[in-house]
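Note sheet for the following structure.
Going by the order they are written in, the chains are A, B, C, D, E and F; count residues from 1 in each one.
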Amino acid sequence: MSDRARHRFLLISAFSLPEGAGYRMRAFGGSKEGMLLNADRVLPLLADIDWDVHPGAPATHGAWPVETREEFAITGVNRLPVVREACESGRYDAIVLLGGGDPGYVEAREIGRRHGVAVTACAHAQMHAAGMLGHRFSILDVSENHNLRMADLVVQYRMTEHCASIRNLEFPLPRPAHAGRVSVQDESERHARGEPSAMLDAATDAAEAAIEEDGAESIILGCSAAYWLQAPLRRRLLERGWDIPVLEGYSAAIAQARMLLALGVDASGIAFPKDPPPRTRRRKFA
Amino acid sequence: MSDRARHRFLLISAFSLPEGAGYRMRAFGGSKEGMLLNADRVLPLLADIDWDVHPGAPATHGAWPVETREEFAITGVNRLPVVREACESGRYDAIVLLGGGDPGYVEAREIGRRHGVAVTACAHAQMHAAGMLGHRFSILDVSENHNLRMADLVVQYRMTEHCASIRNLEFPLPRPAHAGRVSVQDESERHARGEPSAMLDAATDAAEAAIEEDGAESIILGCSAAYWLQAPLRRRLLERGWDIPVLEGYSAAIAQARMLLALGVDASGIAFPKDPPPRTRRRKFA
Amino acid sequence: MSDRARHRFLLISAFSLPEGAGYRMRAFGGSKEGMLLNADRVLPLLADIDWDVHPGAPATHGAWPVETREEFAITGVNRLPVVREACESGRYDAIVLLGGGDPGYVEAREIGRRHGVAVTACAHAQMHAAGMLGHRFSILDVSENHNLRMADLVVQYRMTEHCASIRNLEFPLPRPAHAGRVSVQDESERHARGEPSAMLDAATDAAEAAIEEDGAESIILGCSAAYWLQAPLRRRLLERGWDIPVLEGYSAAIAQARMLLALGVDASGIAFPKDPPPRTRRRKFA
Amino acid sequence: MSDRARHRFLLISAFSLPEGAGYRMRAFGGSKEGMLLNADRVLPLLADIDWDVHPGAPATHGAWPVETREEFAITGVNRLPVVREACESGRYDAIVLLGGGDPGYVEAREIGRRHGVAVTACAHAQMHAAGMLGHRFSILDVSENHNLRMADLVVQYRMTEHCASIRNLEFPLPRPAHAGRVSVQDESERHARGEPSAMLDAATDAAEAAIEEDGAESIILGCSAAYWLQAPLRRRLLERGWDIPVLEGYSAAIAQARMLLALGVDASGIAFPKDPPPRTRRRKFA
Amino acid sequence: MSDRARHRFLLISAFSLPEGAGYRMRAFGGSKEGMLLNADRVLPLLADIDWDVHPGAPATHGAWPVETREEFAITGVNRLPVVREACESGRYDAIVLLGGGDPGYVEAREIGRRHGVAVTACAHAQMHAAGMLGHRFSILDVSENHNLRMADLVVQYRMTEHCASIRNLEFPLPRPAHAGRVSVQDESERHARGEPSAMLDAATDAAEAAIEEDGAESIILGCSAAYWLQAPLRRRLLERGWDIPVLEGYSAAIAQARMLLALGVDASGIAFPKDPPPRTRRRKFA
Amino acid sequence: MSDRARHRFLLISAFSLPEGAGYRMRAFGGSKEGMLLNADRVLPLLADIDWDVHPGAPATHGAWPVETREEFAITGVNRLPVVREACESGRYDAIVLLGGGDPGYVEAREIGRRHGVAVTACAHAQMHAAGMLGHRFSILDVSENHNLRMADLVVQYRMTEHCASIRNLEFPLPRPAHAGRVSVQDESERHARGEPSAMLDAATDAAEAAIEEDGAESIILGCSAAYWLQAPLRRRLLERGWDIPVLEGYSAAIAQARMLLALGVDASGIAFPKDPPPRTRRRKFA
């Protein structure tokens, strides 16, 4: 399968919130471009792709963004029927799971493998991209509970040796539990208006600490609501003399999907066997 | 909180299947004793406990036992409302999640921590019990996809250094994907009738291989449908000269819950913070 | 073997000092309750057990508490005849080795295994209990040389991945080498009298540093002379917003012994073979 | 920098041999397509790229392919002026180092970083691609000494945890040291003529052993002279029931270069600082 | 302190057995040369040293060689007064602890450090020498329980990453527990008489298996009673085409002592502090 | 081969600079003693050896000391013909590669093994010596890029677990890239003149930080131009209460060569096989 065929991608959002919910941070309908965060960075990677965006399965954990492990688990399971339907439709070569904490990713790969559809996700793709650039990365992230989801992913993806640290900026997602606090969304809007952002300042300091204290050689971003930090953070660090790559998840997940398709692979059938598998192993290692 | 208070446990099955489903391996109602597998081994550990069994949330993944990652994820999420309700009821000191692959365990601990209720699960408890007995354990398990769930748990629980191997017996669960094959359930019934079991033979050989080739010092069982192997396997290995502990999950999970209550702890509030957490950390490691 | 049989425990102190020795920190005779440190926490765990305390073999390393590796080795060997005699007596199901640095533990398990008697020890049990609560623990401990004994145990018990740090409070044991310094014993007595303790303050700060800098998710205590810190330290940390479990050794070792008996196991016969072993392996891994 | 600009790649061969040398395995001149091994697989990945091939610096280690560490070191250093010249020319966005054992790769990245030119290499790219597909890969390779070069790379690239094994096919490169033996080149030509290849048989068996005994989830190929194995080996394994990805180096290195350019990165300036670096760190970890 | 000063070494045997004990494997008195096993290999390393041999503290564990963990612990503690007296005498620059399982080594280093006397031991020195020659070593050893002592040492010395395997020859030490079996001592005598030795055959096969299956790059010998294997095993393996170093403990321990003295060091005062230490650290890692 | 034969060593400098080059830090001719840095410490280790010094192959990377990876690679390859010629001459038992970053060491061992000549190098020998003294070492080093070479060596030598940190003093080598800065050479000369050295102060602080923050138990020096720090740094740390070994490379490399010769070994023929190897392995691990 050549990279030159015009590939067909479906980008699936993590979840959608009902109209009128107080915690909507992005569009859940309208143009596909309008549903993408960080579009400046992301759209060029899709220029020669036939692509579409799914707004995400309706949220059932609550009407707000996800932070806790429970919320991530529920959101992940909600996304699986969307993934399956897309795979079964035969209309896509690759599925890109949007959202920082990769809800449903492992299970979606299992489904994708059975249809020969590559599935990528934002945290996984950033960690692998970071590994190509240097040995150790640090994750900048939005809040305590979200940090722990990221830590779970580092372990699950076998990246503990490569993860220098998770640095917590404590600009949490807008959720009832954080009522009254300055959220990552507030800061994103402030920055978009050209105003100074305390979160960008905090991110710059946290990245510098990650470089100097933790041994970080690349920076990745934990939460998709913070992906807007990528370009200004890279610039700020360069101004301080730190020539360090700063990745973000949408572009990383799309670029990884492109790479997998270029190589004609999606996932290992040994790691993600069919049900039932054509052949089995007597012994495995974890 | 003393061990001497009469503790109150809720044992929650992994899922329940509808009446008449072709793949029912155990009772989903009736007496609480009747809903427990391996009751001979398990009941003595509950003798001084006030306990009850929940038959499990109705299965939504299909009307058969779970093996794939997707099935485990769905089952896990389905179990969370049961866990939350039990915690909120104030009627339990501990929740024991039944089932070999620990569906919903990480998320259930998050919920439990917020209510001061200890939550344990069968794979997690076996791995920790094995660690008290020797350095390395091997897992005997029923099928290729179930093995991979166990491997995921070993990684998630940070037990890779201690897991010598996962040995696959390939007596899968009774599921449509395995139609026409001899299942672990067939073997369990055969053994219960006093007939020779090819699965027990295979388990004995696999355990011996784990000891001699992989360095196993304890044996744990992957799937609750195979927990009946515990006593006869231990005996068979002893007959061959191998004095190796063989654990099973229900007793391990109950014993761990007892131990946690004895110590007045459930889970770390740093690893499972409240929402929002009273205090946050600037840096973490995965 | 059921948990419900009335179990018979022997608790064996690390060593006994002669009457009149200047460095006696606890009773070496009298009522069994009187010989236990931290009795408030410990006695409830023994309520349904038939138990006795052995005051410890007479010290031969000197007439003071142990801190150096040499002192630990001598003390450990002195304890072995007590262990063997208890095992051979047939009067005990489990032996609990008291004392923070686990002198003689590995060898005692070897003896215990040959008699089917479970043997537990305070550092080992705390580390395993901590592992059930979160991934990483830190050890708060009394002095430089004692820290290094704890570090040796972490390595020996294969817990390096889980040990975030050993934090040194530098309130050493009362020994000639520390003449003129404020000891852990002085602080214990001060605290018992209801006076402020500088050691408790230091422990609170050290635990906080372990949480914020080292990634600790549980706290364990290194030296039995410091086990009194458990409850007040837990409380202090909670007041600062850190909901972190604080363990202590006596209760952990008793609770672990209970758990092992509940499961009908003591130690792996592969890890602790008989002499000669009934069966041998051609290859092993360290 | 967008993926949509027409990228400019220079592919640099490992070394060139003089006309008439007895051990020439490929063209060192003529059309750029003619200098590429495995062109069927590779050319599609270059279809929208402006690319050129450098035939490689003239070999100074001898007039034969490289296998020993010394030969790899010499070849690597010889390639650096070619890399520097290409970077300084401003004519390329990425450099792809051809050849299985990545001679000169680490140093070439250092040079590339200073010019903002991405540099990729065949072993490095295969290992990273394998990591996206599953946890563990095995390397199939041509000879004892070449295996050890691959092992050195696994260590250097921090991939030891992910490398299940290196399996030696012992069809060495055509070199004086192997005079009289069947070489990988002989087998390549045999296969190209449609004749059965003993090396392909050996590779199939070795890959199966890697899957069943070593835990391999993907297969990568060590030596570029063996890259022709990719497609037939994948097919053979599939026929045996093993649905396992088989990678090869040229396509992996090109695909990785495409991915890096899509993300606008080349290498971490922390891992590969300028000379002198604009900013320095007081502490690092290896 | 120069290597050229005539160094003064005390070699201390592991233990001495009473006259007439049935399990004496070597001389416990007479000439110092006569008390050394493997003298051909060892004496040249002592040619420019002033050296003496201590026959070992009288055994108290029983009148036979040591194999179990308990026997090693007792033997280790018995040796400490000999070590201390030698250090305090001021007559030695280095102490070489003879015996394969290093009884008392960690504690003896603690004592040695306080007097500036280097202390080395046979297993520790072999592991470090092996590390200079290649990445991974395997241990050939005499019996199940002795193997486990070696495994404990590998862990204690932080060599797990470097230990490919422990291969058990099952020619145990002459002890009551092994009455009626062919011992390593029987084989040693057989070999000394020029007769074929089944143990040497077994060692050759085990070493080959270690090379081919476990990845061993050097071979070390576990038990001093088996050190005679060194030269013939090296020869046998060379005949089979395996050019692999085979070490033995006495020469390694002496050579390491020479190296330490040449460098003017004995042990780290941070790892083995004085009592009390002049300075303490607030935090340590295990 | 006995230690007592008069050994014949060739010490080979890393490179030689042309007369009149502005960055010469040592003699490249004249008496052999005059070409050795740190002669006070080094000469005693050579007193009973027949030794010679090779001034180093003429530098081709530039007329200044090496710091970048490219410079190290070029320098390493340049040294190989010197190594080969020395091995082929039959005049040497051991080759000691001078210079802090071990250019050409792995390849030189490959050559040495084929002639039975031991080859040692300064970083490798220091790391192994440090391992004998305690578990963890820190490296004090001169500059950012040089630090990264040291980090590469730590990985290559499989010492990551033992390397607590690399501490950067930022007194770089005298090179055009560092024009106008105070160099390690300036400080060396200042110290030699008996003047206070800011670099020695910085080294003392960095070593203390390594001890207190990173867990260092020994200190090793990265760059041969900084080996003069060994004695005064050891003294300064002792004055601050830190009894920590400080190693330097020349003496360590010579002492290791002596140890290898004493044991009659040079390198593993499995890790460094002949070309072609007499025997090959089917499987290896990295």
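Note that in this section contacts are C-beta pairs under 8 Å (C-beta built on N, C-alpha and C of every residue); 3 or more make two chains touch, one makes a residue touch a chain.
Source: prediction; values computed, not measured.
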{"item": "Listed chain pair E-F, B-C or A-B that repeats interface D-F [over half of contact pairs the same by residue number]", "value": "A-B"}
{"item": "Interchain centroid distance [CA atoms averaged], subunit C/subunit E, Å", "value": "31"}
{"item": "Subunit A and subunit D, separation of their C-alpha mean positions in angstrom", "value": "30"}
{"item": "Subunit C and subunit D: spacing of chain centres that average the CA atoms, whole Å", "value": "54"}
{"item": "Where subunit C touches two or more other chains at once, by residue number", "value": "158, 271-273, 281-285"}
{"item": "Topology of the chain contact graph, where touching chains are joined (line, ring, star, complete, other)", "value": "ring"}
{"item": "Round-the-ring chain order [start: subunit D; next: subunit F]", "value": "D, F, E, C, B, A"}
{"item": "Contact set on subunit D toward subunit F in their complex", "value": "67-70, 73-74, 76-77, 80, 104, 106-107, 110-111, 143-145, 147-148, 150-152, 154-156, 158-160, 163, 165-168, 170, 172, 177-178, 206, 209, 214, 271-273, 275-277, 280-286"}
{"item": "Residue ranges of subunit A in contact with subunit D within the complex", "value": "2-4, 44-45, 47-48, 124, 128-129, 131-136, 158, 161-162, 211-213, 215-218, 240-245, 247, 251-252, 254-256, 258-260, 262-263, 265-274, 278-279, 281-285"}
